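Both complexes shown next keep subunit A, but they swap its partner, so subunit B is in the first and subunit C is in the second.
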Partner chain A sequence: MDRNRTHRNRRRVLAWMHFFGLFIVMAIICIPGLWIVLNSFRPTVEIMAKPPVWVPSFTLDHYRAMFGGAGEGGVPVFHYFRNSLVVSVTSTVIAILIGMSGGYAFARYKFRFKGGIFVGLMLFRAVPGVALSLPLFIVFARVGIIDTHFGLILVYVAMNVPFTVWLTDGFFRQIPGELHEAAEIDGCTRWQAFWKVEFPVARSGVASAAIFAFLTSWNEFALASQLTRSTGSKTMPVGLLDFTAEFTINWGGMCALAVLMILPALILTFIVQKHLIAGLTFGGVKG
Partner chain B sequence: MRRRLPEWFVLLLPAFIVIAAVVLIPLIFSLYSSFTPYKLTRPSTLWRWVGTYNYQKILTDANFWAAFGRTVLFLTIVLNVELLLGLGIALMVNRVTWGQRTLRTILMFPMMFSPILVGFQFKFIFNDNVGLVNNVLQSLGITDMALPWLVDGRLAMFSIVFAEVWMSTSVFAILILAGLFAMPRDPLEAAEVDGCTPWQTFRHITLPFLMPFIYIAMTIRSLDVARAYDIVQIMTGGGPARRTELLWTLMSRTGYVDARMGLANAMGYVSIILSILFTIYFFRKLSAARAEIGLEG
Partner chain C sequence: MTEVSLRNVIKRYGTQQAVHGIDLEIENGEFVVLVGPSGCGKSTTLRMIAGLEAISDGEVSIGGRVVNDLPPRERNISMVFQNYALYPHMTVRENLGFSLTIAKRPEDEIVRAVDEAAGILGLDELMDRKPAALSGGQRQRVAMGRAIVRHPDVFLFDEPLSNLDAKLRSQMRVEIKKLHQKVDSTIIYVTHDQVEAMTLADRIVLMRDGRIEQVGTPLQLFEQPVNIFVAGFIGSPPMNQLAGTVEGDAISLGEVYVPIPSSVRGQLSNGQKVIFGFRADNLTPVGHGLREKGETTQLDLRVHLTEPLGTETLLFATLAGAEIQGKMLNPRPVAPGEDLTFNLMLDRCHVFDAATGNAIGRT
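This part shows the complex of A and B:
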């Protein structure tokens, strides 16, 4: 009897600790983001108030200033948003096409130095953005593609190709080779066999590679901050800096832009989140 | 008749061309310029060859070695903490019986944040005057004066580590969780029948199975360890008095603020080699772990 009771008590304590631990972890993950969202709706006076005001009031001032006041020292948010969107989407599409063909080559063909080439390709991804931005800045300035969409797209494609190759290689490798052979016997060309048989099977890998490529380009700062100068090409991460002056930071306005920046990424990730995990694990483990 | 190129080569060619144009050529250029006293303000200095002068200079520079040591220490601490926390979170979420999908979605949340946004976010939260942390501490009466989170050297380093861990722990948690889902039930039940303690089961059955997943996470992380640059640059800019200076912030300051490109590129090469060593190390671990559980091929 007694032993039963202590056992039950211990279980209860453990279950409670488990719940409590999870609660703390989730709170730590959520609060910083929610704090940003909350503050984007609070007037500046309240954000700066000392002692702090704990009951928030609601205002759309920061959003109004962000979207409306491009003239009076405001931040040209629409331009930044459009630049970010153009650069990220274009570079993702191109990186996926190039990376997929590379991944297919690694998964389906045998050639010399295959392992070496593969690791070599990955190592280019490991070059830190800051270290690359110094020479890229000089080279792009010479060629004259600094401060253009084209330059940034080119950089992001190169950044995303290795990782895309890695993920899609793992996926294509899972597909048995007999599949496309059967299709070819039935009269498909290799090209048709790829698009009609192999591509649909590997779609979830491609989707996860695409979301990673998109997030990388959407969020990249180290390179963009050096390769873009004007409103014509600055992306949103670089635009965030517009809210900082020499000694002060417009916290409210910055939070509003942060919300605008995180929304597309959030929506996109939720749509394909199922593929995301599958893509990472299968691409990596079996690759 | 012209010999046709092999198909695999044609398929890989676009990838080679893009990477050569954007990464390889600039890297060769920067390797060359690291042997010159190149200054952005004086283009003619690009043609003066000074041999290994820049490298000798950084190798004898105390500031550089301090930044280098701090970077290695930072990476070691951050990666280990992230791994342990990620493992803990994954084990906890795995035991949850309902609402698991929601928890997993929440876990993904920090992955969508731009590093620079994480930097700003924590700069705001740790702000000594209007930040959330100090407001809470002061309202609860734990301290009566504002803690200088980003101004004091040690506290600043802690804040940066916190931000970095917040941003990247979920990569580990999600991948380890996926590993736990993929785990076969039979060995666990057999262990229970044979009378293993929970710790023994974890140590000898669960953990070895999870190793490849842990190394995938490590490999993915090691590819962009330098993302910490964005966070540090925004939160402290390497200050106060170089207390949080990492290799990357030192490099960008030397290059862009002091305009000494040759010297900065020499530092860049040291950081590139550091990143590449990290990546190669984890790649090898990954393939060893794969071979161990028989997934090779």
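This part shows the complex of A and C:
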């Protein structure tokens, strides 16, 4: 009886510690994001207050100003949003198409220098993007694609392809080769066997790769800030800088724009989360 | 009519040769089993017939048509894989109908063909499940169903039962045999299990190291093995094999002499090294054999171990320093260490040349 009770108590304590640990970790992850959201609804005085004000008053001033005219603190949000969307979606689609083909080739075919090429692709990822910004700037300026969607898409495709290759290679590798052989015997061409069998089976993996590629492009700042100048091509992360003047920073406006940036990414991730989880816990294929 | 024909078919992987020139004619409706130890090139041969593996040299024809350069989809074959290779994202119904869907057959025809196959294999209850929700035996059945839906010219099976437990395996063996009687198609079946080969085949092709050792009916391979390898591979328990020397009209197995069987008399030379082989069935204690008449000789042996199997008992003894097995029908209890007199049926014995391993009197 007594032993049972101590046992139960110990379990309860452990459960609470577990809960507390999780809470701390989640807080570390979430509070900055939450703070941004809260700040976007606060008057500037409250944002700057020391000590911080925890219970906010609520105002939509920053949003109103942001969408307002250029004179009273507005920024071309819709342009930035459109630029971000065009660049991210296009570069993701292209990177997935190229990367998936590459990943499939690495998983299924033998060719010369296979290992070397693979390592090379990964090494390419090791180069920090900022280090490339100056050379890219010079080359793009010469070629005349500076400050264009096309230039930025090119850069993001190059950035995302190696990672996509690596990720999809892993997924295709887990699909037994007999699957496409069975499809070919059932009457498919090699191409049909891929699209009708192997691609659907690896779908979650491809979706995961796409999310990663999209978020990378959507959030990228270092290169975009060098390669875009005008309203016609600046993406949202670069647009955030519009809120910094010579001596002041409009924190409220910045936070409001940041919220607009986070929202689509959040929604997209939410939509494909089922695939994402399925993709990350792949392996039910063998059976 | 010849359905499948292989002429001097060779497979090379780089510089290494895996299949060294296979010649084989398979009749329409025949059940042929390729059997042999693992790594002997059975799967490679099957996959060359299927079109999944390029043919390095030689010629494969199906239904009178050379198919060397045709992709699998143009060979009108079906294949059942060892790990079943069911499409995991499709239901059983979609799996079964996939080949017809690809061929753009009308919907009602697909439904009819799928239902028919499901009926034959007892899959009706499972049609809306995904493969992940099926047991091993059920997956096996779906894989077979997928193969029969298209009414192919030839069925190819690559070790389809080796992922199942022993009980299910013997059950599925019967189903495959029934299936063959029902659909009446040509079947080429690969296995490393000689029991499967013996029970299923119309004709067995026994392979070793990329070559065919012997082709024949199960009984031919069992009763007239052309060499030591075939003799040792087919049959359970394996054939007893004793090294010996020809001396006059007897074979000396060390201290024991046995008369030369009449079937090979005159084909042996004095002093020739031979291997003397006989099956446990043909070494029986006096009064406990199937057949006591005919060409026999008697041996006195001490039994040191018994394995009662119900209707018969396996007896282990030592003859000329080698472990051998005999069989007792209508068994009575035998104590270890008991001395028994055995009849050895000489007309069922095999003599192989020790140098080449080939059977004497059979070429």
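Please note the rule applied: the second predicted complex is superposed on the first by the 243 of 287 C-alpha atoms of A that agree within 3 Å, B and C clash if a C-alpha of one lies under 4 Å from a C-alpha of the other, contacts with A are read in each partner's own complex, and residues count from 1 in each chain.
Please note the rule applied: a residue touches a chain if its C-beta (ideal position, glycine included) is under 8 Å from a C-beta of that chain, and two chains touch if they have at least 3 such contacts.
All values reported here derive from a predicted model rather than from experimental measurement.
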Fit-or-clash call for subunit B and subunit C when the two complexes are aligned on subunit A: fit
Touching partner for A:104 - first (subunit B), second (subunit C), both, neither: first
Superposed model, subunit A: greater residue contact from subunit B or subunit C: B
Angle at subunit A between subunit B and subunit C, C-alpha centres, nearest 10 degrees: 90
Partner chain(s) touched by A:239 [first = subunit B, second = subunit C, both, neither]: neither
Touching partner for A:187 - first (subunit B), second (subunit C), both, neither: second
Which of subunit B and subunit C A:25 touches, first, second, both or neither: first
Contacts of A:178 with subunit B and subunit C, given as first, second, both or neither: second
Subunit C versus subunit B - closest C-alpha approach in the superposed model, Å: 15
Subunit B and subunit C contact sites that coincide on subunit A, given as residue numbers: 284-286
For the subunit C and subunit A complex, residues of the former touching the latter: 50-52, 71-73, 77-79, 81, 83, 85-89, 98-99, 102-103, 131-132, 139, 146, 150
Footprint of subunit B on subunit A - complex, ascending: 18, 21-22, 25-26, 28-33, 35-36, 39, 47-52, 54, 97-99, 101-102, 104-106, 108-109, 111, 117, 119, 121-136, 138-139, 154-155, 157-159, 161-163, 165, 215, 218-222, 226, 237, 240, 249, 251, 254-255, 258, 261-262, 265-266, 269-270, 273, 276-277, 280-281, 284-286
Interfacial residue positions of subunit A with respect to subunit C in the complex: 176, 178-179, 181-190, 192, 196-197, 200-201, 203, 284-287
Residues on subunit B engaged by subunit A in the complex (per definition of touch): 6-9, 11-12, 14-15, 18-19, 21-27, 29-30, 33, 40, 88-89, 92-93, 95-96, 103-117, 120-125, 129-130, 132, 135, 138-139, 166, 170, 174-175, 178-179, 182, 212-213, 216, 219-220, 222-227, 229-230, 248, 251-252, 255-256, 261, 264-265, 268-269, 271-272, 275-276, 278-280, 283, 286, 290, 295
